[in-house]
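Across the two complexes that follow, subunit A remains constant while its partner is subunit B and subsequently subunit C.
Right, the complex of A and B next:
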């Protein structure tokens, strides 16, 4: 007799109390025992709402209108209280820190078990077992806030695991992690599913990891379940991906391009190793392109760290003799794992910190003598959380706020606001409350509010976190436009796959040092260095290298060009 | 990765005590602070409590912030007692009239000619010292206790679990609120807003804008925490178990016994002798009030 499903949704529709349209519409989905189901779809497709419907948070906590029937562990999620459903469904959310509710790692895992009335001896056993499963044994007495982001997310997974539910729901569990920590989480999901028979629902934009982990993918679009299939079926459906703005794995994109160019008839693989194996069926590889020199390296430096070291008051050495400069008009991507010193370097440039040793210069002047507020007219800073930079009731007043200290005349002021709104495509939203906009639009508002000060340098800290592919690209398109106007742009990111169309130069940081300072093409082909620093080389670069040691292609289009018989090598 | 926290920064013999023993310390010192009106004793008790806070690893930043926040109120207390507390201080001292320290020029409107008394000044100091002691007892007892042990200790005292958890969650929430406020003020500076360049009204109006993102951020975090708690079976119902049971060890039992004796001694001395009565420094004839 087949095992009962871990969860089942039948014609579920749901609208939030003030929602203009249903967040879920007629969704029918069954999660089998031990199965891993990926939830994919653009931002706003309803993934989070669906995740919360599995354990009754939707509708019990949020209210709203709920239709259809949802069951977890055989219990109706509307009729049974959430704490009862917690025995059957565990949940892990996107932000690791917001999930921490106690003061030690072991208490964090024990919390749910204590609430469920599990005897202390059994709690002890399960805590040890769960921490071992997520490789956090030995850290039981630590404060959860002392853990890295990746460890915190594994701790959240352990808390769900200890409840021994039949289903664990992960809502964008790796959005804020570097690629290595992200891979660790997905590796654990695979192991736990295989060894314990726990079912998982994973909402994520991480195509490569979902392809490796999920047995099925459910595609959501504006609350509807529009497609369901294996990762191969979904990621090979180019029309579906294009329509729903879903990014396929890099290797799939490359083979889709090969097929379109008539270089192969093989169905596109979804795993890198399958792709590498399938290269044998392609025309022979040959040298392609040469490393391009980064533009602007000879331009006068506008940002410079001169043998800078920085140690935090708790003794953490964040930067160690960093000596780097960025020229006027460059577009630089700053890469590195969490804790590598990227944010510290940015904060030093903004004069939010003072170096322990060395000197920071902005436009050739030591920042030590300059105020943060004065520097703001030279360096515009966009943080990864735009909501912290929004204080005003309308988009227009938000943008104009930045001009208050400049004491401009009304005409100049209005003209600058108009230009900034226009540049970011916000003229139609000028009267809207910024916090009522989508995350992508909120990011645009903040960029406009920075741009209105007309800074020569713009610094973006993880601007694409929490954005889907289209949202991320629309923000990066703005950075490209600013760069083309002659501004210097620095972007900190973990999303390597997005940057080939934008950045020219790459700084790779690790353990407080600049480990590599080179062109994007060379950096992306430094596969060993990237992997050693928790960064995953783009699949196109790996495929190129497998085709020929002198193939420097970076994108599917370049890969295709490198295999065409008369392909000319791009000029340096 | 560090997060602002109010928790004590080091483990000490005091922090190792059971929360119920700390509560006994809290009550005993409170009784002494309330019972004693002698400014020397009150100041001594406040100094001892401050010393205990520093020994227990209470953040100096927190202590400094408390001092800065309370300074205007303490000044107000001193002025109030110095200028206006006449009848009560006369009754405490048994004197016929108060000793003037200084008086305001007669030409000043409303307050012209008012006299600031020495007795009122010392009584004001006494009240400030009492307030300081009570203010410092909270971090001493609460911030030296792991929030989980705090919950267990409160539950052992028959406080409903839901209330105990809400209390500790509030303790966790305040540092987050401060952190969020710091982020937003920093974001304003990065938009070129220099508070020091603005007049008072413009400064207040701009800082008021901080409330919007901070409150929204706090509400969002509160909702996230609610989702997490509910998902982990938190309901406050009966039958909850605990990984770490709260047990009174020898040191905790000894502390509770010492506190009981201290309360007895303070009350006995206060009721039957003049020990702790309000007295001016150098005046041995103070009455036992």
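Right, the complex of A and C next:
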């Protein structure tokens, strides 16, 4: 007899109490035992709501209107309490810190089991087993907040695993992780699903990892389930992807371009190794483009770290003799794995920290002599989590708040607010509460609140986390616009695939040092260096290198050009 | 691959279900998680000494301005527990802001309970209990001060004028009116409602605390003269704190549509 499904939704619709339209509409979906199903769709498509519907948090905790029937482990999610459903469905959220509540790793895993009344000896056994499954054995006595982001995410996964649910729901589990940590989480999902028969639902924008991990992909659009198929079926459907603003794996995008150019008839592969294998069927590659040094090096430096080292009070050496300067008007991408020192360097520039050795200069002046409030007028800082910078009841008041210390006249104040709202496309939302907006719009509010001070330098810390392709590009388009106005822009990111259209210069950091300082094209083709630092080189660069050792193409369009013998080589 | 159905209905197909929170731990209907989070807010605000409160012999913590807010956000029972729990933690973390510890914790709970009566409708029994309690305290307090200890009645009346004004607001239909202001969609009216509501609730709370303190300590008569200026100032400060913090919190909660506990009134 076939095993009962881990979860089943039948014509499920749901509206939040103040929702203007249903967050879910007539979703019918069955999750088989041991199956991995990916949820894809643009920001606001309903992925998180669907995740929360599997364990009854939607609708029980949110209220609102619920239609249809949802079952997990055979239990109706409307008629059974959440704690009962939790035995059958585990959930891991985007920000692991939000669900870590105890003072040690082992207590964290034991906590849910204790609440379920599991006998102590059994708890001990399950804690050890779960920690071993996520490769955290040996860290059992550590405080969860001493773990890296990737380790915290794995710990959250262990807490879900220990309850031995039939289904684990992961909502954007790798959004805040570097590519290596992200790959580790997906590797664990594959292993646990295979070895234990646990089913997974994974909402994610990580196309490469979903293609490798999911058996099926469910495509959501404005609350509807609009397509369901294997990763190959979904990622090859260019019309669907374009309509639903979904990014395919880089290798798929490249082969779609090859097909469109008539260079191959092969169906686009979704895995990199398949793509590398399929290159043999393409015309021979040739040298393409000459890498140049980044522009702007001759401009006067506006941010400079002069042989800076920094050690945290607990002895962690975050920066080690960093010597780097960024010129006025440059657009620099700062890359590196979690813990490489990127955020520490930013905090030193903002004078939120003082260097243990060396000197930090902003616009040629030592920051030690400047107050943080003064620096805030020169350097605008947009943090990784926009919600941490939002505290006013309307978009307009949030943006205007930044101007309070400047003591401007009412006319100048109103004019600046108007300009900032207009630049970020927020005029229509000026009266809305910032926390009622989508994450993309919240990020725009924070950028506007920074922009209103008209700083010469703008620093963005992972601005595209949790954004879909369109949302990420719209934010980066704003940064490009600011750069074109002559401002200096620094963007910290793990999303390498997004940056070729924006950044000119790349700094790669690792273990507290600047390992590479070069043009974006050269950096993206430094595949060994990137991999050694937990960064995944863009598939286009890997395909280009496989085609020809002097092929420096970075995008599918450039790859196509590099295969056309008659095409003139563009200047990079 | 399954493809989209162009004729897909735009209305829900399945039967509508009755939505309710099942089996979750709650205090008076307020989920324990809410109570704990808001209790933590009270504990944090207990760190901040806000003024010199001579009646208690020390400074009063900023948290006193938000005890009533707990009553409107969580309902009387959940609010009382959150306030008491937060102020109890605050006693250990910031003892300099607590006068008589057990009285501080009890006062925090009654502040939320009084606020729980200041609503647009319902809770008549709770309000009646509050009225009887305050009436009894007023009689005992005034008798003890004026008859037993010789404080001049006029001085006593002036010293606690701000609190007596709050009692009048509480007794009249203004209690309902303030409740309606707090539930108004207009944030300006919410601010006004929170200011007046906090004035009422913390005045009743402080009057109760003062009564017990006086019974224990018997302040000298000249101190009542000083109260004439100090008490209105302190009440204004508490009301301002409650209105500013409360308006921001309520605006945020409404915007993110976090489910309200059944006893919440905002």
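Definition applied: the second predicted complex is superposed on the first by the 570 of 572 C-alpha atoms of A that agree within 3 Å, B and C clash if a C-alpha of one lies under 4 Å from a C-alpha of the other, contacts with A are read in each partner's own complex, and residues count from 1 in each chain.
Operating definition for what follows: a contact is a pair of C-beta atoms (placed from the backbone, for glycine too) under 8 Å apart; a residue touches a chain by one contact, two chains touch by 3 or more.
If you're wondering where the values come from, they're calculated on a predicted model, not measured in any experiment.
Enquirer: If you stack the two complexes on chain A, which partner ends up touching A:435: first (subunit B), second (subunit C), both, or neither?
Expert: So A:435 meets both subunit B and subunit C here.
Enquirer: Is A:69 touching anything from subunit B or subunit C once the two structures are fitted on A? First, second, both or neither.
Expert: Touch partner of A:69: subunit C, not subunit B.
Enquirer: Is A:4 contacted by the first partner subunit B, the second partner subunit C, both or neither?
Expert: After superposing on A, A:4 lies clear of both subunit B and subunit C.
Enquirer: Touch test for A:81: subunit B only (first), subunit C only (second), both, or neither?
Expert: A:81 contacts both subunit B and subunit C.
Enquirer: I'd like to know which partner A:146 touches here: subunit B for first, subunit C for second, both or neither.
Expert: So A:146 only meets subunit B here.
Enquirer: For A:61, is the partner it touches subunit B (first), subunit C (second), both, or none of the two (neither)?
Expert: Once the two structures are laid over each other on A, A:61 reaches both partners.
Enquirer: Now for A:391: first (subunit B), second (subunit C), both, or neither, which partner does it touch?
Expert: Touch status of A:391: both partners.
Enquirer: Check the residue A:114 against both partner chains and state whether it touches subunit B (first), subunit C (second), both, or neither.
Expert: Only subunit B is touched by A:114; subunit C is not.
Enquirer: Any idea whether subunit B or subunit C touches more of subunit A?
Expert: Between subunit B and subunit C, B touches the greater number of residues in subunit A.
Enquirer: Examine A:22 and indicate which partner it touches, taking first as subunit B and second as subunit C; both and neither are also allowed.
Expert: second
Enquirer: Go through subunit A and flag every residue that touches subunit B in one model and subunit C in the other.
Expert: 60-61, 81-84, 391-392, 435
Enquirer: Would you mind writing out the residues of subunit A in touch with subunit C in their complex?
Expert: Listed in rising order, the residues are 10-13, 16-19, 22, 25-26, 59-69, 78-84, 224, 226-230, 233-234, 237, 391-393, 432-433, 435-436.
Enquirer: State the interface residues of subunit A toward subunit B in the complex, per the touch definition above.
Expert: 52, 55, 57, 60-61, 81-84, 86-87, 89-91, 93, 95, 97-99, 101-104, 106-107, 110-120, 123-124, 127, 145-149, 159, 163, 314, 339, 350, 352, 371-374, 376-377, 381, 383, 385, 387-392, 401-402, 404-406, 435, 449-450, 453
Enquirer: Once bound in the complex, which stretches of subunit B touch subunit A?
Expert: Touching subunit A: residues 1-3, 5, 7, 146-148, 169, 172, 180, 183-184, 186-194, 197, 206, 209-210, 212-213, 216-217, 221, 224-235, 237, 239-245 of subunit B.
Enquirer: Would you mind writing out the residues of subunit C in touch with subunit A in their complex?
Expert: Touching subunit A from subunit C are residues 1-4, 8-10, 12-24, 31, 187, 247-248, 251-252, 254-257, 259-260.
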